[in-house]
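Same chain, two partners: chain A is paired with chain B first, then with chain C.
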Partner chain A sequence: MEFLTVHSPALVVAVPLLAAFITPLISRIGNKFRDTVNVTFLSFAAFLMAVLAVDIYTSGTRIYTFGATVPELAIPEHYMVPVRIIFQVDGISIFMGLTTTVVALAALVYSLQFVKDETGQDRFYSLFMILYVGMVGLEFTGDMFNMFVFLEILSIAGAGLASYRVNLADAVEGGFKYIVISAISALLVLFAIGILYGEYNLLSIAALAHNMQFTTLDMIALALLGIAFVMKLAGVPLHMWAPDTYAVAPAGITPMIYTSSAASMYALYRITFTLYGGHFDTTAIGWIVIILGVLSMFIGVMMAIHQTDIKRLMAYHAISQSGYMLLGVGVGLAVLTDPVALAAYGRDAMNGGIFHIINNALYKGMLFLTAEAIFFRIGTRDLNRMGGLGHNMKWTTIFFIIGALAISGIPPFNGFASKLLIYESVFRFNPLLSVIAMFVSLVTLASFTKVFYSAFTGPEMSAYKEVREVPKSMLIGMGVMAAAIIFFSIFPGLVVNTIVAPATNALIDQASYINGVMGAVP
Partner chain B sequence: MSVLTYGYAVWSPIVWLVVLVVLGLIVLYVRSRGQKRYKKGTAQTDVFISGVQVPPAEQRHVPAHNIYWGFFEALQGFYDTMMRPHTGIINDYILWLVAIVTLTVVVLVMTG
Partner chain C sequence: MLSKIVRTISDQLILFILIYGLYIIIHGHVTPGGGFQGGAVIASGVVMMIVAFGSGEIKKSLRERHLSVVESSGALIFIGMAFAGMGTLFFYNFLVGTPVFGGIPPTGPNPGDVWTGGVIPLMNFGVGLKVSAGLSAVILAMALFSRGEETEE
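Right after this comes the complex of A and B.
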């Protein structure tokens, strides 16, 4: 157990990576065997993630230095700066790791039946595991270059999975768009890393933050990094790729790609709070993040309600919900240098924004799965051609209702808890922003009422009389997420105090992150 | 564990659920006091629209594109403007990226 605890940051990436590489081999033995191995490996990774989480919540930030005699030894003997590959896992990193793992487990179980009759399943599962590795690596890494590497890993795997159903022309187009925007975003990130490395001769985030001068070159690097991650997280006005990709990705993959966008949001927070925090006018940058958030919320929801393709509609809602996260954390960033405002409402706004990340990953992920369950059974995403599916797909209907109520911020669901934190704290910063956020929630409810009415209610249609409920593994996938939503809804205090508040503290406390690596430097 | 406490308010889902259950019981009680003598499956429970012939159930389902029709008509100008940049062409998406990166660099360097 001691070994597992010490090496859990590395193992949580290594185990699924091993699964990814052996999948094509074990597929030769049999599909069931391969599926069992993949579920087992990912469950083991989830166990390791839990072990790591317990360790971090009890003992604080974990540093894992690859190749060091002692993993905690970030700076080698006779060196002044870290030179090895480092995983630095603090409150926000583990929060993102837990979110990613819950979504990945549900998505994997859901996919077992969904891709059962498709060709190229070994590639599907390999890429699935690699996507998971990319996300966790991005969330754990302590250096800029590996942030780029993991961003590339998740992007390439995501593009491959988005275009998995090559028999559908729009799937290939969606995958193509995803890889183009990902490659360009990654190039911007690489260029920014080049600027920082050229200036400081460093790659470690902590070491860079320690030495940051905020020169004009640093400003250009910040702009490149910030916009690259805004593009990846599909913030308005760089969101247009998201509906094209989310709508066509197979079930199980859409929640994963969406969660990878949340990982990009984490990277944006890491850059603004940890790498640059304290070196620039946080009010100005905070307002930029807030404006991006408000635009994403408003334009996302207004575009969503107009859609008649169920997955495009949900994709626009994903953009809209990202706006809440940007708004909450943006307010925290704007008042970061004002201790009174930070204590009065800034911290709560950040708690709300971060709580919304995990809430949204759960209910948005589940809603994507319900949409794909419908597609799986009736072969269309067009809401105009749907109706009366509630008669034969009762469990899917129930899961949809739970997800729809949660995303619309209806009490007592978890979406309400995080939105309440955002509304009340943001109101004290600027009431207009809060009013816009509430209006967006109202339109979200209207939008999901439209989906519910179009797809599930009404008389049984003759074309869908033979439609049956989806297979068990797909129901289990949705059930895992529904159970998590209900748990988070009933125990918001526990969730916020246990995993959200440490994440907020980790973002605010830049010095602790720097000292975690640079503490030994005289 | 269940109560979310923050700077200026409290949220308790359990209290909400209890209130919801009590309200539900009241609604059920009121409903149970209602008229029970109607006959199911007769004209008493048929749809009535001022005597107009009612179409079969399947044709009564309003398709998604007709829902909130008035809302979209009223906001036609807004939606025309919104649809214009959503071309579906990747080149246009990248142009947006270039424009936003340029704008951000200029803003950052100027506000410094």
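Right after this comes the complex of A and C.
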């Protein structure tokens, strides 16, 4: 157990990677065996993540230096700066890691039956594991160049998986758009890293933050990084890829790609709060993030309302929900240098924005899964051709209702808990923003009411008389997410205090992140 | 399939290309190059054979199934080396000082002793296997697709 705790940051990435590499070999033994091995490995990774989480919430930030003699030896002897690859796991990293793991487990179990009759399953599972590795690595790394590497890993795996169903005409288009956007954003990130490296001869985030001068070059690097990650998280001026990619990706993959957008959002926060924290005019940058958030919220939901393709509609809602997260954390960023305002409402706004990440990953992921369950049974995503599915797909209907109520922020669901935090705190910052947020929430409710009526209610249609409930593994996948949503809805206070507040503290407290690595250096 | 002259020369040249690729892989830790570059050189040899003999002919001796096994084992060698260091830490270079690639090179200019580097040459070898098999499989698949054939699944 001691061994597992010490090595958990590395093993969380290494175990799924091992699964990805042995999948092509063991699939020769049999598909059942391969599925069992994959689920076992991912469950083991989830167990390790839980062990790591408990350790971090009890004893603080963890550092794991690859290839050193002891994990904490970030700066080797006779060196002044960190040179090795470092995983630095603090409150926000582990929060993102837990989110990713829950979504990945549910998505993997759901996919077992979903891809059962497709070809190329070995590659599906290999890429699935690599996508998980990319996300967790991006969230844990303490090194700029590694951030780029893991961003590439998750982009390539995501693009391969998004175009998995090549028999659907538009799948290749969705995958292609995703890889083009990812390549552009990865190049921008690489360019920014080159600027920073050329200037400081450093790659470690903590060491860079320690030495940050905020020269003109640093501003250029900040702009490049910001554009790249806003592109990856589908914030509104750069959101054009999201509907195409989310709509065509296979069921288990849409929540995963959505979570990888959340991981990019984490990278954006890490850059603004930790790497550049306190050096720039936080009010101005905070307002930029807020405006991006409001635009995403508003335009996302307005585009969603007239869609007839159920997954495109949900994809636009995904963009709109990302806006809430940007809004909450943006308000926190805007008042970062003002301790009074930060204590009065900034912290709560950030809590709301960060809590919304995990809430949204859960209910949005589950809604995507229900949409794909419908597609699995009736073969269309067109809302105009659906109807009366509630008669035969009872569990899917229940899961959809839970998800729809949660995303619209109806009490007592978890969406309400995080949105209330955002409304209340943002109202004290600027009432207008709060009003816009509430309006967007109302339109979301209207839009999901439309989906519910056209897909599930009404008389049984003759064409869909034979439609049955989806297979068990798919129900279990949705059930895992529904259980998590209900847990979060019943105990929002507990969740905010145990996992969200440490995440907010980790973002605000830049000094402790730097000291974690640079502690010995004066 | 190209003319007999091209085929004969390719037959002779492939040996040198493979040796050159292996050289780059094995010397990866002392000279420029490494697993990826050497693997790419070997894959370029496969490209030459496909151009000279045609993909249909090459498909008989170079099976996608076998390439996929080699590719996976390359990746497994790499991560296996990382796991083997777990006695101390993940990716710990446990071979330094042992008889296997254990030498420690002198600081400053030196002739480039291959018997150094610990796990790094072995990892280079794993990467080389993965890249050569993976790139060859990709190129072979593209050549077969362009002829309108399906690869085996």
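Here, the second predicted complex is superposed on the first by the 522 of 522 C-alpha atoms of A that agree within 3 Å, B and C clash if a C-alpha of one lies under 4 Å from a C-alpha of the other, contacts with A are read in each partner's own complex, and residues count from 1 in each chain.
Basically, a contact is a pair of C-beta atoms (placed from the backbone, for glycine too) under 8 Å apart; a residue touches a chain by one contact, two chains touch by 3 or more.
Owing to the predicted nature of the structure, the values given are computational and were not obtained by experimental measurement.
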{"item": "Clash-or-fit label for the pair chain B, chain C on chain A", "value": "fit"}
{"item": "Partner touching more residues of chain A, whether chain B or chain C", "value": "B"}
{"item": "Chain B versus chain C as contact partner of A:T119, first or second or both or neither", "value": "second"}
{"item": "Chain B versus chain C as contact partner of A:S296, first or second or both or neither", "value": "neither"}
{"item": "Partner chain(s) touched by A:L11 [first = chain B, second = chain C, both, neither]", "value": "second"}
{"item": "Computed vertex angle (chain A) for partners chain B and chain C, CA, steps of 10°", "value": "140"}
{"item": "Which superposed partner A:F21 touches (first chain B, second chain C, both, neither)", "value": "second"}
{"item": "Partner chain(s) touched by A:N146 [first = chain B, second = chain C, both, neither]", "value": "neither"}
{"item": "Touched partner set for A:S462, first chain B, second chain C, both or neither", "value": "first"}
{"item": "Touching partner for A:G67 - first (chain B), second (chain C), both, neither", "value": "second"}
{"item": "Overlay on chain A, chain C to chain B nearest C-alpha distance, Å", "value": "24"}
{"item": "Interface residues, chain C side, partner chain A - complex", "value": "68-69, 71-73, 75-76, 79, 82-83, 85-86, 88-93, 153"}
{"item": "Contact set on chain A toward chain B in their complex", "value": "176-177, 180-181, 184, 188, 216, 219-220, 222-224, 226-227, 230-231, 237-238, 240-241, 244, 281, 284, 288, 299, 302-303, 305-306, 308, 344-345, 348, 351, 383-384, 386-388, 411-412, 416-417, 420-421, 424-425, 446, 450-451, 453-454, 458-459, 461-462, 489-494, 496"}
{"item": "Residues of chain A that touch chain C when the two form their complex", "value": "7, 10-11, 14, 17-18, 21-22, 24-25, 64-71, 85, 119-120"}
{"item": "Complex contact set, residues of chain B against chain A", "value": "1-9, 11, 13-14, 16-17, 20, 57-58, 60-65, 67-68, 71-72, 75, 78-79, 82, 85-88, 90, 92-94, 96-97, 100-101, 104-105, 107-109, 111-112"}
